[in-house]
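Same chain, two partners: subunit A is paired with subunit B first, then with subunit C.
Then we have the complex of A and B:
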């Protein structure tokens, strides 16, 4: 028997709220670590006496809190909820999700504590100590099984594009993680095979986990909020398989110029450039669905955030393809340009779409409307402008850093000493700290609104329309 | 696209494909790398390696007086790698020299040959790094003496004014100078404005010694059959 969306929402309430509240907590914790790391990168004596808060550790705590605390928690809230809604079946086994939620947050808490304590593993994106590995694998397995069960016993006639992406992502991540953990931690591969495995894993966390989930969310929410079908079914099929095929190979562009087989680098560069295909295809599908509804989109907090993310997906991906070209990479590699690019992807694309999803999801889960549109505006402007400032300052500063690092005079002597190059990045890093403060303000506004909503009475029956930020075409 | 098995097969093969290509093939390509001397060759003019090497199924001892590279880090250097990991050094420092003409690694004096895969086979945690907020650390032991390394770790401003590297005072202990035996032989020499004051001395902890040993061991100052020092 088919379930109504309201029934799905009601049965998803507990697990989704557990994950959402945890996600907001990690977002704030990750922001705090970020601010500390940002200040330290211009003022190294700041908290310099503390071993637990030395730069290498807070920076890593920041990354892990954001990716695995905020990112995974919000995904575990949003993706099963979208899957449940699209499958139109009565939701069962939410206990699986609740158990996973508890395991997961214990794992991340212990993992980040371990990083600060000094048990950090020297593999990028796998720093959380090996003693949390079983918890991580159990969590991924539980949620993956839940997603497959939901899909297998679906009641809907159609399978929507979002479901492919979610299914694929929930299969890819556990597999990636398990292989990387075996080949890097428990039975480390020899020599630079470690580095290749590292970047195969780390870039795929972005490409085969965060990206498909964010694309799935945009595919779900844009037509839903605007009330019009997605532009092209066939393009969405092409986009999905092209991403599955090419993104896999792209990660090794982090090793361009390094001591690894040249053919692997070439393959990675080709794959990175080929990523233009799924990116353009997805862009056409997302953007053409919105064309003509800009005014309605601007009024909806959900669509504002989701479209900001979708546009930035296009931009950041094209930048990424360009950065894999050897001559561009020669400048950008090893600089803050890459750091800017990472934040462009994970924040301006992924995180903004997730914010949009939360704005759509929470009123339906809790039968309450958002308490304060002003706080939504603060969140929007601070995070929207903040992340643009961050990406622009890091990428301009990083580009200059790369040029100065490589610049040689006529005699083949470096034009700038290393310390001069460092000095010249400082103003840009200050701007980065400023942008980080803006994001923090936005996150606090968001968190206040979330908790205010949770602790206020239901508004069902009193409020008849969703919170809008501007008048829509229908009202004028 | 409705079928669960079809989607699963697709996502399985795409990931398996990239793993086979990037990880497995590279592993097969590199699994037989051993430490070698630059000079020793077998009858087919192929380099032979290790303390012992096989010729027609017979194990032969390598020539005396010849060292096969890369060396395996041992003792303090091996433990220092853990300090390097725990402090997150790899987020700002790379350990790879790129070829001449790609970047300015040579001109900055970071190495006089490109790093190759064989250089890393004896390291149990390979940290090539992806960031150069600070300089590359290949050959850092050739560029600076131990005293410099200790001072730089205690507070980078001592040796490199304007550096954004964090200080690591917690790898050192400040103690009062023993009145009977006088200053410790291990006391770190420091300029006056960084010195804790008369009657005190700064002693590197074992962790600091390990870390410095590790840094001093990161040298690629040997030639390999596949890579010779670049001539000017």
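Then we have the complex of A and C:
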């Protein structure tokens, strides 16, 4: 029997709240590590006396807290919820999700403690020490099995495009992780193959895990909030299959210029440029669905965040495809441009869409309204402007840095010494620290609103139907 | 291990991913998932959250709520 949406929401309450609360804590921890690392890049002495807080460890702790603490926790809250709603079936076996939530947070806590303690593994995106691997594999397996069970016993006839994305992502990630762990940690490949495997994994975490989940969320929430179907559903389906078939090759573009067989790099470049197809398709859909409903969109916190993410998905992906071209990559490689690009993707696209999803999901899970619209606005403006400032300053600064490092005079001698180039990046890095502070303010506003909502009584007399919070509207 | 074994292994994994996706695509087609896309696009709406209804807005601030209450 088909479940009503309100029943699905109620059945998801416990696991989703466990993941969400953990995600918010990790978001704050990750922001703190980020600020420390950012200040250290202009003032290396800052907190330099403790080996636990040296740049290498803090920066890595930041990355892992954000990707695996915030990112994965919020995904484990949002994706099963969307899956359940689309399958029109009550969420069963929530124990599986709860167990996964506990395992996962123990794994990340121990992992980040290990990084700060100095047990880091020297493989980017897999830095958490090998002793947490079993916990991570158990978590991914539990969640993967749960998603397959939910899909298998779905009550809906049509498989909506978001379900495809979520199903695929939860299928891909455990495989990616297991293969990478075996080839990099337990039976380590050497030399070039090691870095190839590293970047195949790291980029696929982005492309086959964070990206599909965020796109799935946007494909669900944009039409849902605005009450109008997606502009071209046909194109959305084409976009999914294009991503599914070809993305997995793109990661090796991180090694352009490296001692890697040329055909591997060419294949990676071709795959990266081919990603323009699913990106444009997704862009057409996300953007044209909103056209004509801008007012409704602006009045909705969910749509504000999700559309910000969707617009940035288009921009960041086109940048990414361009950066995979050899001549562009000559300039951007090893500069802050790449750091800016990474934040553009994971924050301006992925995280902003997840914020939007939380704004939609929590009132329905808890039957409570958001307590304070002012805090939502603070969150929106600080994070929106903050991440734009960060991306723009790092990418302009990084591009200049790349040009300066490559500049040769007529005799082929570098024009700038390395230290000059480093000194010239400082103003941009100060701007980056400032943008980091703005994001921190936004995150604190968000966290206050989340906990305020959790600890406040249910919204009285305002929940008239299972999932609608109707009379709480306001024209802005 | 030998370099070539790794290349073979990597090619094998990439091929497996590709073939798995191709099989899924074939299943979706056979299952009729692509036969009525208009209905598919509307499958996210139901009686609780119907087509044409905006379902999210900024909450009313407490001051305004109090003012309305009067």
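Please note the rule applied: the second predicted complex is superposed on the first by the 460 of 476 C-alpha atoms of A that agree within 3 Å, B and C clash if a C-alpha of one lies under 4 Å from a C-alpha of the other, contacts with A are read in each partner's own complex, and residues count from 1 in each chain.
Simple rule for what comes next: a contact is a pair of C-beta atoms (placed from the backbone, for glycine too) under 8 Å apart; a residue touches a chain by one contact, two chains touch by 3 or more.
This one's a predicted model, so the numbers in the text were calculated from it and none came from an experiment.
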{"item": "Partner chain(s) touched by A:9 [first = subunit B, second = subunit C, both, neither]", "value": "neither"}
{"item": "Which of subunit B and subunit C A:426 touches, first, second, both or neither", "value": "first"}
{"item": "Contacts of A:334 with subunit B and subunit C, given as first, second, both or neither", "value": "first"}
{"item": "Partner with the higher number of touched subunit A residues, subunit C or subunit B", "value": "B"}
{"item": "Touched partner set for A:234, first subunit B, second subunit C, both or neither", "value": "second"}
{"item": "First, second, both or neither for A:248, with subunit B first and subunit C second", "value": "both"}
{"item": "Touching partner for A:179 - first (subunit B), second (subunit C), both, neither", "value": "both"}
{"item": "Touched partner set for A:197, first subunit B, second subunit C, both or neither", "value": "both"}
{"item": "Contact residues common to both interfaces of subunit A (with subunit B and with subunit C)", "value": "158-159, 164, 168, 171-172, 175, 179, 183, 189, 191-193, 196-197, 200, 237, 241, 244-245, 248-249"}
{"item": "Touch list for subunit A against partner subunit B, complex", "value": "40-42, 44-45, 48-51, 54-57, 59-60, 118-124, 148, 151-152, 158-159, 164, 167-168, 171-172, 175-176, 179, 183, 188-197, 200, 204, 208, 237, 241, 244-245, 248-249, 251-252, 254-255, 257-261, 264, 267-268, 326, 330, 333-336, 338-339, 405-408, 412-414, 418-419, 422-423, 426, 429"}
{"item": "Complex interface listing, subunit A residues touching subunit C", "value": "4-6, 86, 88, 156-160, 164, 168, 171-172, 175, 179, 183, 187, 189, 191-193, 196-197, 200, 220, 223-230, 233-234, 237, 241, 244-245, 248-249, 296, 299-303, 359-360, 369-374, 376, 465-468, 472-474, 476"}
{"item": "Complex contacts: residues of subunit B adjacent to subunit A", "value": "1-2, 4, 7-8, 10-12, 14-15, 17-19, 21-23, 25-27, 29-31, 33, 84-92, 94, 96, 98-99, 102-104, 107-108, 114-121, 123-135, 156, 160-170"}
{"item": "Touch list for subunit C against partner subunit A, complex", "value": "1, 3, 6-7, 9-10, 13-14, 17-18, 20-22, 24-25, 28, 33-34, 37-46, 48-62, 64"}
